[in-house]
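The two complexes that follow have chain A in common; it is paired with chain B in the first and with chain C in the second.
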Partner chain A sequence: MAGSAQDYASEVKPTWCPGCGNYGILNALRQALIQVGLAPHQVFIVSGIGCGSKLPDYIHANGFMTLHGRPLPIATGARLANPGLKVITVHGDGDSMGLGMGHFIHAARRNIEIVDLIQNNQIYGLTKGQYSPTSDPGFVTSTSPEGALEAAANPVALALAAGGTFVARGFAGDPRHLADLIAAAIQHKGYALVEILQPCVTFNRKNTYDWYRKRVYQLEDTGHDPGDRVAAFQKALEWEERIPLGLFYQTRRPTYEEQVSVLQAGPLATRPLEKLTPAQVDNLRAEFM
Partner chain B sequence: MTIVNDMTFQIAGAAGQGVESSGAGFAEALAKGGLHLFGLQDYMSRIRGGLNFFQIRVHERPLYAHQEAVHLLLPLNEEALEGCRAQVVKGGGIIYDENLKVDRRILAGQGYTPMPVPLVEIAREHGERVMANTAALGAAAGVVEYSYERLADVIRQNFRRKGGEVVAANLRVARAAYLYARERYAADFEWKLAEVPGAPRRMVLSGNQAFALGAVAGGCRFIAAYPMTPATSIIEWMARHEQQLGLVTKHAEDEIAAICMAIGANFAGVRAMAATSGGGFSLMVEALGLAGMCEVPLVLFEAQRGGPSTGLPTRTEQSDLLFVLHASQGEFPRLVLAPGTVEECFECGWRAFNLAEKYQTPVIVLSDQLLASSLRTIEVEALDFDRVVIDRGKLLGQEELDALTGPYKRHLLTDDGLSPRAVPGHPKAVYATASDEHDELGRISEEMNNRRKMVQKRMKKLETARQEIAPPTCYGPAEAAVVLVGWGSTYGVLREAVDRLNGQARLVHFRDLWPFPAQAAAEALRGGRLLVVENNYTGQFRRLLQSETCLQVDHTLSRYDGRPFSVDDILTRVQELGV
Partner chain C sequence: MAYVITGLCVRDGSCAEVCPVECIVPGPEGDPQWGMAYFINPDDCIECGACANECPSNAIFPEDEVPEEYKEWIAKNRAFYEEGPGYSAR
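Showing the complex of A and B:
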């Protein structure tokens, strides 16, 4: 029961600024879901808080717009309850690299099967223009009058270090390529990061569409081997001059849910919920006698 | 004079010396002989050293509380003797290894009965050095002339996994120490323990164990938690039963992740909970509001300990009451249950999951260190698995989902505030909802009429839930002059105080705390002077009672040193009232 563009259409009109990178991301996500043949009821999109985290309102699929920084653990709970659902998290750079940094690292090392879409515009948009954990050093905003003083968080490098098994980067200005990356992430067994470079046309006057277009290039055009973690890490460190896009790294190791033996009998969510059997009760009582 | 089956036994030592396992083993042996017991654990926040004790009060009739007076002390080192001997009554026995630096004559001069036993020597001779605790238990059983066979049963059971030789060696050690101590000291020791013939087999368990049993009986199939005393044993118990009961347990990276995982699992349709203490609960507060706002069922178990901050990590307090009632920004419905006994812990376990799904909102079960870790014997039927009901409220079944027409409204406005609930996975009930204010469909909305309706809808659920909130339970003569008012774990000590006050006092014990059973409270508390007893400084329950009922509380008794109330604390305070 594959979805069509019409199936994923929402009646809600996005509140995003004209030209916002989120439009490209939304289109790419819809396209990817259709490409892999999933229907809206098979998908669960968990977002955080921020401009981009309003995305579940703008797509017809199961969704939960949650708390700033917390979509990953919520998605993890949903995934452990029902591994039959394709669980996708959507959140920004403030959400994922600020409050959610810990959860992000743990999701990667846990290798739980979640597609993690990080909309990285290097700025806080919804709160109107403060620097973010991924802002380039020296980036001047209302809360960094002397320029950002910290090194920028690097989601790709962090995911690689934490044991991520699918690590990719796309660009909101190239939705077709992005859709392919998201489709590959959806088909990956395990935690799959797609960092999405996303211009904020209102508050980020540095990292614009033009700025990105001058720098981005496709890893697949360079003969990069996505099986080589060290090479992936080297590529992850490139920034400012040239910015690589595409699949940095992919490997296969058992997912978290594959290792939980109770889940091998099927999802908890679809099992009938029944009272304990008399035999189970007797066993439990005997434990305390 | 001989006193049979009414005594308190205490084993004390450093962390790591096996105080807990020895105490639990002895408790089992007593329970197998048909005796009732109440086991109190007192331990420090450290892995080695310090002073821990496990106290077992024993009687033929059911016990609900500990008592301070100790009749037989087993100090495993000198510090334990120093730290605990003040609790030993005149004539009480002290069993210790004869190599401890203890002056027998001084002890005797202080009115104690010193009972040195070559525990280590016996262990070495008949088994191994590490079996000295077995020797101590054997000696204790010998002095009180309790059935050696019952102790042997427990040794066989507890060491079975270590193999036949270990069992045999422990039995030899226990037997030798039993005979040694009985021969030398039993004749002059007043307190005796005897099996109760024909007594039924009973269960021995803690509040946390009872809650976990209730939870799984009530359909809990997922728990996420971050270890925190005194709640840790909940996830540990469930983790041990993953296969047996089909549970998934997740030790999360922090408490925020734990509650979020439980919310995610509940959203996806699995009965899920998180367990923590006050510090972890503090971290969970924002997500608590998320569950309230988005109408996600959620069970949260909070075992209180001494606060604020790290406070007294291994000790008891009831100081999170007003915090859990008000935690998280904004207004949303929540239910708060505070069990007071092992039986109530079990019942709250399954009830909480029904309430959470029925009202599609957080249910907080508030326990504390005393209830969490103290052991009690109860009749097997007292944990009534037959009475357990699994009521999923307005959760839509397959046929109802198939029959849906039109867009599914997750937050449909209804008279009782409860909306038919679908979980993700059905083609006819695809929806997204938001922690932002939302409309019936779950879409973000700031429109003011919608806002009013949604606030009213959510809060209406609290009014609907009020119908099934349990009234306080009453114990003791209705005409008593003093009304002891308590909640949660003080039940046991207050009940015993009522028994000892010969009609002077009665008890009104609150279990369901929110929505507050105001009308039932006003009725139950009519007549008599109110004495509110609670383990906190600011009188949190008293303030709640006063604000919800307009009753004036005359007297209070508070304790906030991390230790549970003793019966004497209550009796003394009642005497002060001069009734």
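Showing the complex of A and C:
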């Protein structure tokens, strides 16, 4: 049973600034879910803290707003309890590359089937414009008056290094292309990263829609082979002059949940709850003695 | 729900400049059917409201808030892209 635009429509109106990149991301996610034929009850959207993490409120599906940086652990738990559920995390660059950096690396390494959407606007927008882990070096903000001093975290390169099996990048200003990438990520078996370049129209005066439009191009148009991990790395290092979008890399290796023996009999969430017999209780207790 | 440009449009054009997905196109100047306004493609609109915020004549409304006397403009915006010149007028 597929969902329609109406099924996914939420009564809650977004509080994002007019022109915010998050509108394009919300639109693309909705398009992708409809495209792959999932209904709202089959989808679980997990976010963290940040402007973009308000997204689960604005789409009618199962949702969970977690702590800052923690959507991936919650998503991992949900996925293990119910591998029948399509689990999607959506969080910003502060959430994923700051506090959540460790979880991000391990999720990619673990290859658990989660679609990880990173809304990368290269700034902390919710707290009014401090530099973030993905801000370009030299980027001047209220907390970096002399320009950001650190190298920018690169989600695509990090996911490739960590063993990510689906690594892609989209642009909030091109929702149709982004929707296709998200749809492909949803259909991927294993951890799927879609980094999304997203202008913050209020606080990031550098990385604007126009700035991106002058630089972005699609890997599909260049003959890039998504099976070539080294080529993917090379493309991941391109920035400033030209910025590649599209599928960098995809491969298939066993997912975490495919290898967990206790899940082979089906999702825990759908198994009948039966009372333990006194003998089973004694056995369990004996294991701890 | 898409935003809709109504008959209050004064062809200022700042809506098209700020649209993040470039889905606003002016009707060809002087064209008796389309020349009076800019039009939003309802299939590409991401409902971000940047255009409405920018419009000097308050001519742009979310579809469900279009005033009664301008309701016909909901179909008119769509028709510009389905029957009229659409993106080719840009």
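The rule is short, and it goes like this: the second predicted complex is superposed on the first by the 278 of 289 C-alpha atoms of A that agree within 3 Å, B and C clash if a C-alpha of one lies under 4 Å from a C-alpha of the other, contacts with A are read in each partner's own complex, and residues count from 1 in each chain.
Just so it is clear, a residue touches a chain if its C-beta (ideal position, glycine included) is under 8 Å from a C-beta of that chain, and two chains touch if they have at least 3 such contacts.
What you are looking at is a predicted structure, and each value in this text was computed from that prediction instead of being measured.
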Q: Could you figure out whether chain B or chain C reaches more residues of chain A?
A: B
(Q) Output check: A:E274 vs chain B and chain C. Expected answer is one of first, second, both, neither. What do you get? (A) first
Q. A:D174 contacts which: chain B (first), chain C (second), both, neither?
A. second
(Q) Is A:I34 touching anything from chain B or chain C once the two structures are fitted on A? First, second, both or neither. (A) neither
Q: Could you look at A:A75 and tell me whether it touches chain B, chain C, both or neither (first, second, both, neither)?
A: first
Q. Should A:R285 be classified as contacting the first partner (chain B), the second (chain C), both, or neither?
A. first
Q. After superposition on the shared chain, which partner residues are touched by A:P56: those of chain B (first), chain C (second), both, or neither?
A. first
Q | Footprint overlap on chain A, comparing chain B with chain C | A | none
Q. Where on chain A is chain B touching in the complex?
A. 1, 12, 39-42, 44-46, 49, 54, 56-57, 60-67, 70, 73-82, 84-85, 102-103, 106, 260-263, 265, 268-271, 273-276, 280-281, 283-285, 288-289
Q: Name, in rising order, each residue of chain B that touches chain A in their complex.
A: 31, 201-205, 209, 213, 216-217, 219, 221-222, 224, 242-248, 250, 252-254, 256-258, 260-272, 286-287, 290, 294, 380, 383, 385, 388, 390, 392, 423-427, 429-436, 443-444
Q. Hey, which residues of chain A end up touching chain C in the complex?
A. 14, 16, 18-21, 23-24, 26-27, 172-176, 199, 201, 209
**Q.** Residues on chain C engaged by chain A in the complex (per definition of touch)
**A.** 18, 20-22, 44, 46-50, 52-54
